[in-house]
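Given below, in the form of structure tokens, are the structures.
Both complexes below contain chain A, partnered by chain B and then by chain C.
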Partner chain A sequence: MTVGDGGRDGDGRPVLLFAHGFGCDQNMWRLVAPAFAQDHRVVLFDYVGAGGSDLTAWDPGRYATLEGYATDVLEICAELGLRDVVFVGHSVSAMIGVLAAAREPSRFAALVMVGPSPRYIDDEGYVGGFGAEDIDELLDSLDSNYLGWSAATAPAIMGNPDRPELGAELTNSFCRTDPRIARHFARLTFTADNRDDLPRVGLPTLVLQCREDVIAPVAVGEYVHRAVPGSALVVLDATGHCPHLSAPEPTTAAIRDFLAATFASRA
Partner chain B sequence: MTVGDGGRDGDGRPVLLFAHGFGCDQNMWRLVAPAFAQDHRVVLFDYVGAGGSDLTAWDPGRYATLEGYATDVLEICAELGLRDVVFVGHSVSAMIGVLAAAREPSRFAALVMVGPSPRYIDDEGYVGGFGAEDIDELLDSLDSNYLGWSAATAPAIMGNPDRPELGAELTNSFCRTDPRIARHFARLTFTADNRDDLPRVGLPTLVLQCREDVIAPVAVGEYVHRAVPGSALVVLDATGHCPHLSAPEPTTAAIRDFLAATFASRA
Partner chain C sequence: MMGRTDDDRTGGGHDGAAVPGGSDATFAALLEDDAADLYDNAPCGYLSTLLDGHIAKVNKTLLTWLGYQRDDLVGRLRFTDLLTVGGKLYHETHFAPLLRLRGQADEIALELRTADGHRLPVLVTSTVKTAADGQPLLIRTSVFDARQRRAYERELLRARREADAEREQVERERARLQQLSETLQRTLLPPILPVVPGIDAAAHYHVATHEQVGGDFYDLFPLGPDRWGFFLGDVCGKGPDAAAITSLTRYTLRAAAVYDPDPAAVLSNLNNVLLQQDYARDARYCTVLFGLISPDGDGFTLTLAGGGHLPALLTRADGRVEAVSTAGGQLIGILPDARIAVTTTRLEPGDSLLLYTDGLTEARHPDGTFLGEEHLIALAADFRGHDARTIIDTLARVLHELGDRLTDDTALLVLTVPTTNGDTR
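And now, the complex of A and B:
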């Protein structure tokens, strides 16, 4: 892991811990995280296997399920002595946050889920947005040519064709990821089913959903909102799967409003 | 132009003339057009400046507006003696078909618009999906690095990240296009405003809309449907801007149903 720690603490305000998604690293939060650094301790990190982490520390056993990544989160919390953590997770990290909070609820104060999906594959009475054969194709294609897959897939995930530099950035981020680790993490991500974990979330939760997202469609955000007791859903005026890059202002504003409403009593 | 003509004719059934969009060529219709070749004369072509056309025949004067491309269509109709034409146009070609039909209405029997947009830029009381500054950014980026732009943009336009070969195909198609011609055609396409032409369409018209399309959102398809008198709107169970490639079966079925309903009296 590579951890960047804003360092402020102890004034009773929650800590913000930003967790990146598949094929990304902490740099993806650069347009959102600084807005909170004035009033909060802000912690950024790369999961083992991503960004500037020690790739030799990654092993397929520890990271055989999303619980391995949740362990990364809890180790960071322990190492830095974090309490009152608002975990802000993008994409698969939203579910990693759910798992981490279930294991050590006392560490966490709230969850912010950016483009979450508890299950990508459609099921009876559940729309995930993908058929099982779609995900098989995606993973086969990724397995056979990771760089080609990244170049053809990342811009579609990013959307916003009027700003091709966004798609190019995500492509480059995917391409920087070790292909062996990416294959393994993609398989975990796209075949996971965390639906049963959602009703057990006992924290104030914000679901941030883009109005058009090929990875996590609106129906999925609405599902997460219904499944997590007492959660708030904000449909951002944003498109694509990475509003923290493509629409940082509304993303930041929604998180700020949620923090204000959730922690008003402590102010 | 490069014209492929199925050759059948004269049995009173309409001719299908398939017209490709920006950065594409007639090959894009390969999954749809053959389904109609049994019962219809099918004509495929590349606009001057695209695909296998004679690039030296392209000049910025003739193609200074979309009317130049409409002239291509009318020249093909004249050369092949086409009547009873069902013009099937993708994206910008939907508007080119509107212009061609306005100039020689007697040639045409119907219009099929696949992902049409009469104007990409939002206006008072009109949602096109893009701000003026979005389109400026898109065109600036295209001007400065056409191949890079293509690689980062085409997959976003195609959508369907589970099938990256689709985005890769569109990228390759964009990249095969002469950059000078592409720049010019893109500027025409993305700054055109054909809203006033729609109420004058006097032909049976089918609007095919994907339920998620970053280039032509559902609101735009609905606008076209309302503006073209008596038109039919079908929202396909498909995503992205190229359902003829990503979802050829529902695209074919919708065109087939439209033809059956429109030409039932002639059967």
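And now, the complex of A and C:
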């Protein structure tokens, strides 16, 4: 993992931990996270396999389920000594946040779920929006596009001091992910079923939903809202799966409002 | 430039180039080709979409490829509506973020759904058109027919998956083989050494490679109330054949020692047994030291027989190191009536005896030279005053640090006679 920490131990400001979803890296938060840097301790990171993470840290056993990623989140919290964390998770990371909070509830103060889906594949009495064959098609798409993945840049991700030009190339590229790890993460993400974990969330929770999102449709956002006790649902007038990119101001405003309401009522 | 005339140079050339074999007038006509026609009938598809994905403009080439009329698409559908479900997922998780973050996404492989339900593999490049103030306005996309390329890539992918599957299979086999080797190796060595009153013993087996069973062996065992036998040796070669000989050698030595414990007799018996084995492929032989120890006053009497093996090193209580000479002993298993060399000496309190195989002395230093017997003798001088475990640990560390430079397995057996106050000092 690569972790960026905009604060120090015990500097007193509330902590916002931003977790990117499948497909990209912490760059996803560049239009939203800076808006909170003034009055929050903002922590960003890349999961193993994404962005600037150390690919040698990849272990198929550890990451066989989303729990492995939740462990990463908890290790970041422990390493940085984070308390009362507001966890902002996009897409699959919303569920990773749910798992992490279930294991160490005392670490967390609130959850913000951006475009969450507890299950992508349709089930009896549940519409996730996808069939199992759609997920295979996505994996094929990944394979087709990673033909352009250059093995030459992989060492740069692992830090190759002998070839600084690779590092320069990397800083200019966003959302680089290792193909094999991405494939694994995709399968994990889109075949997971975390519906049973939602009712156990005991934290103030905000569900941020786009008006039109093919990956996590409104019906799914509403399902999450109903399943997480006491959660708030905000439907943003935005299209796509990444409101933090396509509608950063409304996204930031919704998170701010939620934080203000949550922590005002606590005080 | 070819085809250029004096007239061209002086006349009103358009952009400095001329068309070989054509007149300026024709060239002008070509250049003034209708931009709209160029857009519509370009050899690739063009598509402009609003930021919410709705199609605002599309060229005729793409309409033809897809089998749609302009009105079917413009203002009605989004670009993502043309994608397969998997493609939509990919678009939302990769393509759209890239466009937002970089303003550009290059050579993305997608499949478009045609009006009649077929799939058209394409390569898509998109750029975001921005206003003067940097605000994004719309997305321009060019679409290239990638049917042939995709068919070839599918072949590559299929081949890669096959190769991946084969590699995994090979790795599984290798792990299985390694486990088998290690299990076999363990069965060739005593699980623990017995307690010998008045003697402190320790052993170590260093595996150079886990892929093949090595042929080194050792043992220490009782031969009566006041007599103990021990041996250490090295069978020629590696792998299953060597393991078979190692096993045979080990059991023969144990049985022969019960039948007639005289060390020279034990090795002669082993020589006969190995000679009787009919191994068609290779000569199978070993080098070995076989010893007996019996209590004698405050020390022990040591009788050591050697068949072609490196001499044992005896570190005396005062730090002197002696090679216990078994020179003249011949390899066991090659010649009938192989010559066996026998030496007798005393082990005094504070002495330590090291038996080892040549993996240790034939390990190479970084400069390529062998570690050698002299180096080992220098090391052995420091054994004085240490118990058997400490000596073994020291040597095991040396072996470990040699790493890849150690090409052969190494067996070590150390016997020390502790002084009466409990240590070997």
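FYI, the second predicted complex is superposed on the first by the 223 of 267 C-alpha atoms of A that agree within 3 Å, B and C clash if a C-alpha of one lies under 4 Å from a C-alpha of the other, contacts with A are read in each partner's own complex, and residues count from 1 in each chain.
Methods note: contacts are C-beta pairs under 8 Å (C-beta built on N, C-alpha and C of every residue); 3 or more make two chains touch, one makes a residue touch a chain.
From a predicted model like this one, the values you see are computed outputs, not experimental measurements.
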item	value
Partner chain in contact with A:T252 - chain B first, chain C second, else both or neither	neither
First (chain B), second (chain C), both or neither touched by A:S53	neither
Touching partner for A:D134 - first (chain B), second (chain C), both, neither	both
Partner chain(s) touched by A:S144 [first = chain B, second = chain C, both, neither]	second
Partner chain(s) touched by A:Q209 [first = chain B, second = chain C, both, neither]	neither
Which superposed partner A:P217 touches (first chain B, second chain C, both, neither)	first
Contacts of A:N27 with chain B and chain C, given as first, second, both or neither	second
Contacts of A:T262 with chain B and chain C, given as first, second, both or neither	neither
Touched partner set for A:T239, first chain B, second chain C, both or neither	both
Contact residues common to both interfaces of chain A (with chain B and with chain C)	130, 134-135, 137-138, 141, 148, 212, 214-215, 239-240
Residues of chain A defined as touching chain C within the complex	21-24, 27-28, 30, 91, 130-131, 134-145, 147-148, 174-175, 190, 212-215, 239-242, 245-246
In the complex with chain A, residue positions of chain C that touch it	51-53, 80, 84-90, 92-94, 96-98, 100-102, 107-110, 150, 153, 156-157
Parts of chain B lying in touch with chain A, wherever the complex brings them together	130, 134-135, 137-138, 141, 148-149, 151-168, 171, 212, 214-215, 217, 239-240
